[in-house]
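Note that chain A is present in both complexes that follow, paired respectively with chain B and with chain C.
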Partner chain A sequence: MLKHHLFWPLTVLFALLLFNFLYSPDFFSIQIRDGHLYGSLIDILYYGTPLILVSLGMTLVIATKGIDLSVGSVMAISGTMACLIISKGDNQSLLSLVLIAVGVSLVLALILGLWNGLLVSVIGIQPIIATLILMVAGRGIAQLIADGQIITLSSTTYKYIGSGALLMLPFSIFITLAVLIIASMLTRKTALGLFIESVGGNPTASRLAGIRARAVMLAVYMFCGLCAGIAGLIVTSNVSSADGNNAGLWYELDAILAVVIGGTSLNGGRFYLTGTLIGALIIQTLTTTIYMVGVSPETTLVVKAFVVLIVCLIQSESFRKTFSQLWASRKYRTGEEVKRHA
Partner chain B sequence: MLKRQYLPVVVTVSLFVMMFALGSFRYTGFLSTQVFLNLLIDNAFLLIVAVGMTFVIISGGIDLSVGSVIALTTMVSATLIQNGWSPAVVIPLVLIMGASFGWVMGAIIHYFKIQPFIVTLAGMFLARGLCSVINIYTITIDNAFYVRMAQTKVGLPGNNVISISVLIAVSVVLIGIYLAHYTRFGRNTYAIGGNEQSALLMGLPVARTKILVYAFSGLCSALAGVVFTFYMLSGYGLHAMGMELDAIAAVVIGGTLLTGGVGYVAGTVFGVLIQGVIQTIISFEGTLSTWWTKIVIGLLLFLFIVLQRLLSTRRSMNH
Partner chain C sequence: MNEPQPLLQMTGIYKVFPGVKALTNVNFRLFAGEVHALMGENGAGKSTLIKVLTGVYSLEQGNVELDNETIKLHSPQEAQEIGINTVYQEVNLCPNLSVAENIYIGREPRRFGRILWKQMNEGASKLLLERLHLEIDVTRPLHAYSVAIQQLIAIARALNIKSKILILDEPTSSLDKTEVKELFAVMNKLKLEGLGIVFVTHFLDQVYEITDRITILRNGELVGEYMTNDLPRIELVSRMIGKELHVLADLPRLTSNERLQDASIMLKAEGIGRSGTIEPLDLYIRKGEIVGLAGLLGSGRTELARLLFGADRSDYDYYSIDGSEDKIHSPRQAIDCGIAFCPENRKTEGIIDDLTVRENIILALQATRGWTKSITRKRQEEIADEYIKALNINPPNPEQLIRNLSGGNQQKVILARWLLTEPKLLILDEPTRGIDIGAKAEIQKLVLSLAQKGMSVLFISSELEEVIRVSDRVAVLRDRRKVKEMSNEEISQHNVMQAIAGG
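Let's look at the complex of A and B:
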């Protein structure tokens, strides 16, 4: 059981939840108010949805040994685009208008993902650098779309995406769940997952084995863009406004963190979608906990820094070797001592 | 005949000259020594950070922590100064702090073989987080020494002035050029960036050089933080947000290959100046908004990376 890839992430999550429970016993209480479920656990799920979505896309990108730094900017662009289209309408709550806005921004997010994918797979630029371009320029594009303004909406239909309720639960949870299920079906029930892992393991070898490495990479970056696009819609719909400068800020880092905590190695070749889900939940729970304890929210960054470092050290081959050598040599020495005395 | 390895630098320099010429034709009062010197005054801290970043990228790594180390430096300096410490103690202290921060990151990167990207990302989180642990508000500095450093103007012939920060930045650039091309440390850095395995087999001190490169970048960031404190006269945890991207962009536009092994500190200077010119042109234009800076820099990044890519594929085909 210790060897299972979900063991450590789950342990950390439970430890965090246990701490919360000891700190405030009504942490787990869930109430029904106005036909909705309320409670800290629901809040963690609810506020965690954008991060979970972005991290799911990021998982597949990292599985191909890539990375996508532009997700935060893509979130800002898609959210701003949707808000802009809706704000131009006469009746902002018109369903067809909202659907068009959502459609256009998701297509835009796909195109941005395609751009990243082309740079990485066709031109052959390192992923960090290729996506850095969109990360830098993307915030500018988002502000260009919004003309530097913060667009505010009064559309109840659009607000439903981020803060509506279905079956007593926030609607965004269902969107996330759908994406998670579709992604796991596609990667685990078809050969696509295997292709992604093999491209991450060795792109040349997989091309020689007959896998279209370029197409797989393009698809993965497009999926990541799409996920970021949906997350951008949720974030902007949640507050009914789009701020090109701040929407989705720091998400790329949190998403990478969630993926790494979930057990997916940055060296590519293997990925765990459920691990990522738990990783994202850990980060959200951590944030909630820090708010609850009453420490300033920026302190989360210090905790996150140590979490990243520890997880990476555990994953690092040479770190484990150093430690097992220490352990082995100590054992050897005591054995020697016993022999000498005997 | 122009050597191919100089091509990106030549492109950068001509681009800078072209942009400056364009500005001079379009706007009255653009073509003056003072406008050029203002580029240096406003970007002194970026120049210092970018010199450190150049070494890191030449060695084949990347340092994402520089912006937050600047913020941490301003925060620590401001707190200590306002508590009555002398600048003569505070400045060396923050410099040592920055260098050791980089040293620790370098050691983790080298000994535990974790990607530089993720280690310096953790460093970035840590430094920003520590800022907010110290204080979440802006701390204003009214120490006489800092105020004097901020306000002193050094006169140049022809009625032009520069700030003390520029003098610091220019000396850092000169030291950087000396380190890169005239010392063993510099040559080792190039060798590691070219091929770490070969460098190791040649018996070069890979571990020491690699760790020193990150320590140097940390030192540069801390120095940039000190200069930034002179510029802003305050300490704040959100200072220099996104500075790491500006620095990386400057280095790339300056012609340093992101794969390591090729690059010039002098190119980086022009990378910084190009960013400055873009900002100046946008402010002279008046009607253009600031976000155009980001888009233009993104475009330039794209062009230079594709150029690098083309150069490196042609080189590998020649072999």
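Let's look at the complex of A and C:
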């Protein structure tokens, strides 16, 4: 069981939850108010949805030995685009208008993903540089779309995406669940997963085995763009406004972290979508915990960094080995001391 | 008897990997001033023993003594510090760094912390020229040079350190005759200087040419230690494989007379070539024919194979495969036309280390079916089991990660991958490189039986005997152009050699 790839991520998640429970016993309580479920756990899921989505896309990109730094910017662009289209309408809550806005933004997100994919797989730029271009430029594009303004909406229909409720649960949870299921089916029920792992493991050998490595890479970056696009819709819908400068800021870093905590190696190859899900939940729980404990805002990031460091150390096999050896030798020495005294 | 003390003594060495017993109670001695051959089939434990000796793997059980002092190694770094240096089978250097940097990495000449580049480059040039007679620009990146030269550079790097023991793991598998001779000259010189040299190879000729003593391993166990002069070849071979060896002798030397008389042309390539790589040439292969490509290293054998498979683009070509005209511009197209290619460089171009044996086997078939039509898990397992049995892949566990297999078994997995696609033309580039005699014979036999069933084969090997034994027709390459083609009775070691030499 110790060998299972989900063992350590789950352990960390449970440890965090346990800490929360000890700190504030009503952490696990869930109430029904106005026909909705309320509670810290629901909040973690709810606020975690954009990160989970972005991390799922990131997992597949990382599995091909790539990385996508532009996800935060893509979130901003897609969110801003949707808000812009809706804000032009006479009746902002019109369903067809919102659907068009959502459709256009998601297509745009796919195109941005395609752009990254082309730079990486056809032109052959290293992923970190290729996606850095859009990471930097993307914020500017979002500003251009919004003409430098923060667009605010009064569309109840659009607001449903990020803060509506279905079956007493936030609607965004269902969107995320659907993406997770689709991604799992696509990668595990078809051969796409094998191709991604193969391209990530050894691109040259994969090409010689007849795998269209370029197409796989394009698909993966497009999927990542799409996920970021959906996350952008959720984030902007939640606050009914689009701020090109701040929407999705620093998401790329949390997403990469979630993927790594979930057990997918930055060296490409094997990937674990459920691992990523747990990784993202760990990060969201951590964020919630830090707020709850009441760490002052200036030091929040320091505490977060510290906890993440510990999580990474626990997951590192060589660290665990060294640590347990140290522990064993320490015990041995104390044993000797006792003898000497006796 | 008053035997001299061994320089190195390893006793009772054990090493276990998940699912594999790699070494069981192995002893090994090495004397100063000798060349000691470490022999054994694939998976016999040679590489493992070396990795234990050099600190790559930690020692689980057993004792290692150097100069009568027990040593415990935790890293290759430590091994180097006490004078144990290794040149591995696959070159382990940094392709992006310059030749000089590769030689001096970690011990650059410095003054006040600043690297003395000039001194380093001059030192590297001098070292290569004096000890290996290799005159190259040491400031160019390593990847600019061929595998053979990279291998010599790796040896130079090992030589550079003041060492007591030099381990050469398959150093000659990618060297041509003159290069081997030069290497042996260097080895003899070092031997006289009192170095103990461990030499791992599959070439019997070389064992008898250079070594003083032989240790044989089989299935991770010690078979015995012998003086080279006291051990006849046939004894050596039969001890290595653990049975009398008739397999190789029994291989039929098939003549193409009756079998291929009215066979149709399977592949016809006209004007296939690429500037700077290989001169345009014509080549045809009939159905069920085995065409051997002979030539020295760097003569363009691999380059030709890559062009035929579309791994590199040909400048101009006219191609016809099984009657239909085609131009092949990508491996994918080649596979769709029924061509399969086992590349020379297994590690970087063949296997996908992260994946299991099963996944590696089905990869090419799955690629041709596209991502939507996935092969069911059950079918995958059936396929894997079938090929593991048919090709005698060891360990017979389809869920084992391929990186845990020995080189010969990895090669069999790659073969299985291609056989599964039922190709019309199979291109084998050095399929037996770094493989022991038993597996070699198995692969040769397999090739012959495939050809008899109608598969065309392009067989590339640097071992002349092997090419001659299996080929119906031999095309000889020299200096990147095709110089001769011969068939039937014409094929003989003498003729081929002459064509290669161009005399």
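Basically, the second predicted complex is superposed on the first by the 298 of 342 C-alpha atoms of A that agree within 3 Å, B and C clash if a C-alpha of one lies under 4 Å from a C-alpha of the other, contacts with A are read in each partner's own complex, and residues count from 1 in each chain.
Here is the rule we go by: a contact is a pair of C-beta atoms (placed from the backbone, for glycine too) under 8 Å apart; a residue touches a chain by one contact, two chains touch by 3 or more.
The structure displayed is predicted, hence computed values, not measured ones.
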| item | value |
| --- | --- |
| Partner chain(s) touched by A:Val303 [first = chain B, second = chain C, both, neither] | first |
| First (chain B), second (chain C), both or neither touched by A:Cys312 | first |
| First (chain B), second (chain C), both or neither touched by A:Phe195 | second |
| Partner chain in contact with A:Ile32 - chain B first, chain C second, else both or neither | neither |
| In the superposition, chain B vs chain C on chain A residues touched | B |
| Touched partner set for A:Ile111, first chain B, second chain C, both or neither | neither |
| Touching partner for A:Met168 - first (chain B), second (chain C), both, neither | neither |
| Chain A residues within the chain B interface of the complex | 67, 123-126, 128-130, 132-141, 143-144, 148, 244, 253, 256, 260, 266, 296, 298-306, 308-309, 312-313, 315-319, 322 |
| Chain A partner contacts - residues on chain B that touch it in the complex | 62, 108, 111-115, 117-119, 121-126, 128-133, 136, 237, 245, 248-249, 252, 258-259, 289, 291-295, 297-299, 301-302, 305-306, 309, 313 |
| Chain A-facing residues of chain C, complex | 309, 311, 331-332, 335, 341, 343, 348-355, 359, 362-364, 366-375, 417 |
| Touch list for chain A against partner chain C, complex | 189-192, 194-195, 197-198, 200-202, 204-212, 268-270 |
